[in-house]
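Note that the chains take the letters A, B, C and D in the order they are written out, and that residue 1 is the start of every chain.
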Amino acid sequence: MSENIESESPLKRQLRTIIFGTDTPAGRYFDIALMVCIVLSVALVFLDTVEVFHREYGQIIRVLEWVFTIIFTLEYGLRLYCATHPVLYARSFYGIVDLLSVLPSYLALLIPGANFTLVIRILRLFRIFRVLKLLRYLSEGNVLLRAMMQSSRKVFIFFFSVSLIVMVLSAVMYVVEGPDNGFSSIPKSVYWTIVTITTVGYGDITPKTGLGQAIAAFTMLIGYSIIAIPTGILTAEISQEVGRHRDLRSCNQCHKTGHDLDAMYCSRCGCELDSLDVPVENDA
Amino acid sequence: MSENIESESPLKRQLRTIIFGTDTPAGRYFDIALMVCIVLSVALVFLDTVEVFHREYGQIIRVLEWVFTIIFTLEYGLRLYCATHPVLYARSFYGIVDLLSVLPSYLALLIPGANFTLVIRILRLFRIFRVLKLLRYLSEGNVLLRAMMQSSRKVFIFFFSVSLIVMVLSAVMYVVEGPDNGFSSIPKSVYWTIVTITTVGYGDITPKTGLGQAIAAFTMLIGYSIIAIPTGILTAEISQEVGRHRDLRSCNQCHKTGHDLDAMYCSRCGCELDSLDVPVENDA
Amino acid sequence: MSENIESESPLKRQLRTIIFGTDTPAGRYFDIALMVCIVLSVALVFLDTVEVFHREYGQIIRVLEWVFTIIFTLEYGLRLYCATHPVLYARSFYGIVDLLSVLPSYLALLIPGANFTLVIRILRLFRIFRVLKLLRYLSEGNVLLRAMMQSSRKVFIFFFSVSLIVMVLSAVMYVVEGPDNGFSSIPKSVYWTIVTITTVGYGDITPKTGLGQAIAAFTMLIGYSIIAIPTGILTAEISQEVGRHRDLRSCNQCHKTGHDLDAMYCSRCGCELDSLDVPVENDA
Amino acid sequence: MSENIESESPLKRQLRTIIFGTDTPAGRYFDIALMVCIVLSVALVFLDTVEVFHREYGQIIRVLEWVFTIIFTLEYGLRLYCATHPVLYARSFYGIVDLLSVLPSYLALLIPGANFTLVIRILRLFRIFRVLKLLRYLSEGNVLLRAMMQSSRKVFIFFFSVSLIVMVLSAVMYVVEGPDNGFSSIPKSVYWTIVTITTVGYGDITPKTGLGQAIAAFTMLIGYSIIAIPTGILTAEISQEVGRHRDLRSCNQCHKTGHDLDAMYCSRCGCELDSLDVPVENDA
């Protein structure tokens, strides 16, 4: 591999630094420009579905769509060209996302009525996550992600139990209210139960009988109470994650713990603290 | 009892290992097959209530219902046959659930219009909990359950106080808005208050007068604020449960606490940790 | 006062033990009977507002109302008679509540159309709190109450800030949507904003213009985010209250803290713990 | 600057103490009177939009508007006159707010139809924050603010991720339900998704197709689960902020920590505590 890198043209290497890297000013400008293109192209897709804009500016929007499609195609080509391992890149998660952000545009432009390509074109928003790497935000996201991982099993049990309750309540409401009051089938009744238990409450289907309203009230109270459970689980985990980040070091002199991550000296006795031996930023 | 076991046929013993046990591959396959049957049979009940499916596939659904009913009957018979104490099993919680998952199917198949059997047939979903024993998830559930037990008294007080507030608010709204604006009786007004205080808000009954809207706004703010209380109670308990699990051991060398449950060595100084003397998994 | 007590009749003293006390079996039976009467009399008021019940059983309900009114009048008379200081009792909080639970019944029975007495008659539910003293639940309620007191200033600031945001958003929506779309005045707009920010969402008033819907979406996101704030405040306080109850004692041998309130021995080393020197139950 | 202060008239100095200060009784009365004026003037703006009040008391309301406008103009003039640095004051945040609370009144009174001035006139509510300085509430607000600052990056990541999910779900629902069922464009679909994911649920747009209702149910469950995330983040931070305030001191004799901020002696051994060396109140 090292030979491979040595034999490649300097242009290729420089391109790679700009396109894949984020450390040089050029790399940062490229990322920002790309982000602007992504946001604008998605905004175009959104606006094109609004009747007024479609009628008035439909022509311009279509032209701009072609422009963005060409830009993203060029970018994909360049990435393929300057990647150290083009095949590995093309198969990687981001490589597929990059391809998917180009392909549907061609499909949509060639087959004007293909509405379903809308969704795939909007998926290109997820490319922003890569661009955001240049921000330092991700270590914060890691704390969240880790807390969610740690609590995922408890949350799974929670959702499993809730879905059992939902199904039983749906069957009960179907029997009590019946098709005449809008509960035309159990799947529709499940829809109603979820609308109710999550406290959304559209009101497109509502219980009409006294017994149905009593069960509905009971369902709401369940939803209202159990919302506390995932909150409790996640809060406990986030507290531990945040605490773990802070509690790593204790003062050698007074044994105070709970120092901030950027603290150099003990906030109580002023004694110098050990440097953090666990690199916090690298735990992605 | 030991004589009893020794005198029984090897077939019976083997069947018991498969049907009640989860340690052998055969036992695990049996559980998975049973789970699939339960889910499919409930899905059938759901689909049968949808107009289109009932018209098109009603015949097939009825046949499949018979098939599942026979499978569950066979299973119940086998459980009775190979249980060490058939009477104890038949009287146990799961024994009754197993029977209930078979009986209503016969009722429903013999009396086609008996809608109410729907609900009991769906209750068979709860049998999944037994099957899930083969997963390790339950220790996670125990932490949740214990936290809920510990906070149940605080939560009871909370719901008791809230229901008093609900009743008074309902009476006030009945007097203020009256039957002309949809608050036709206090029980109906209670339904509205619960819809409002849980922030569901169907909109099937809404206040029309200025004073009524002011009281409604007040009710919403109450509901919005007090949602914090059960969350706070439960979070505090879950934090303690999680913390208790972690704080059990301290490193003999550096006295670090808060080790993960599966940690063998201190994460700070590498000193070997004592094994957990309180068996966490057995506390079901 | 001691003379006063000595000179009073034994009947009076015994009555007081039964009516005000909760330690003797007779006192407990009295409290339970009273609770049943309160609940039944409130249920009567509720049922009487339902059209069907009023038509069918109106006569019986009115008779029962008289029965309960006489019972509560007798009880109030007995309380006045056997209280050590009748005047102090009559002026006390519970004395006034007891009187209020009797008076409106007479008013309502004499003036049949007086709807407003409904509310006061329902206020008698709060008498249940006194009866509940016989349960041990109140120490749990104290933890909640104390946590709420401790966080009341933070919660006040929160509600003050939110109400400023609500008012500005209401004015903006009134200007943007206007009377034609249901926002007929700023007070009505405030009602809409509270319906939206608390995520109730009746749907009786909804934004129709694009700009209005954008502001509405913004309002919802605010409501959705800030719901976290009172939860966070209260959870932090409840955690501290729960922690304070537990952290009072440390083991003399191994210095473990965080013992349960009813623990007699250290759960880690088995050393006997000091008895609680701060009486937890008496802090009402 | 000191010369400047010495050469100024005693009247000016006294006025400044009253208008800008809050330590003297006169200064406090001035602040309270100002607060009453602000609240009353905003209440006037609110009432004037109600049809009935506008018709009946329109004349009086307009006169009172003039009165308040003159009061606020006088106050602004006095502030400019007695400020130590009039230009600095006029440019400061509060100086601009003070000016903005006067200007739109003139505009609104001269151009009666100018509805948009409503909003600016209501912004004068924010002047109450200055007046509230005389209350001690702000240290409580600081804890909240600091917790929010600390968690702002996590919350930003959260909202960024949510908005990506919202956009993709909106596009999916637009394709699935289409303009015939009320999802007339993607921006409108975004409005629907936010109404649903925040569990507001107006019900002005609801899914009609089976697939649409399934996706809607999924959206609600997402909204219901992720509401736990900002709560968890904020609770963890508030707990730390509250804990940091309490954990500052430990008893010199028994090493108990977690003392209340106003504690003078250790609550366990009675030993005198060190005074707080970190001034908590001054961190505004």
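Keep this in mind: a contact is a pair of C-beta atoms (placed from the backbone, for glycine too) under 8 Å apart; a residue touches a chain by one contact, two chains touch by 3 or more.
Which chain is which protein? Per UniProt: A, B, C, D = Ion transporter.
Nothing here was measured: the structure is a model prediction, and the numbers come from that model.
Mostly differing positions are employed by chain A (Ion transporter) and chain B (Ion transporter) in their mutual contact, as under half of the interface residue numbers are shared between these two copies.
Taking only C-alpha atoms, you rotate chain C (Ion transporter) by 90 degrees to land it on chain D (Ion transporter); that is to the nearest 5.
Between the interfaces A-C and B-C, more contacting C-beta pairs are found at B-C. Centroids of chain B (Ion transporter) and chain C (Ion transporter) (each the mean of its C-alpha atoms) stand 30 Å apart. Rounded to whole angstrom units, the spacing between the C-alpha centres of chain A (Ion transporter) and chain C (Ion transporter) is 42.
Shown for chain C (Ion transporter) are the residues in touch with two or more other chains, namely 187, 190, 199-203, 227, 231, 233, 235, 237, 239.
Across the complex, chain C (Ion transporter) is touched by residues 42, 45-47, 49-51, 115-116, 118-119, 122-123, 125-126, 128, 137, 140-141, 143-144, 147, 155, 159, 187-188, 190-191, 194-195, 198-204, 227, 230-231, 233-235, 237-239, 241-243, 246, 258 of chain D (Ion transporter).
Residues 153-154, 156-158, 164, 167-168, 171-172, 174-175, 184-187, 190, 196, 199-203, 206, 210, 213-214, 216-217, 220-221, 223-225, 227-229, 231-233, 235-237, 239-240, 244, 247 of chain C (Ion transporter) are the ones that touch chain D (Ion transporter) when the two sit in their complex.
Considering their complex, residues 199-203, 231, 235 of chain C (Ion transporter) touch chain A (Ion transporter).
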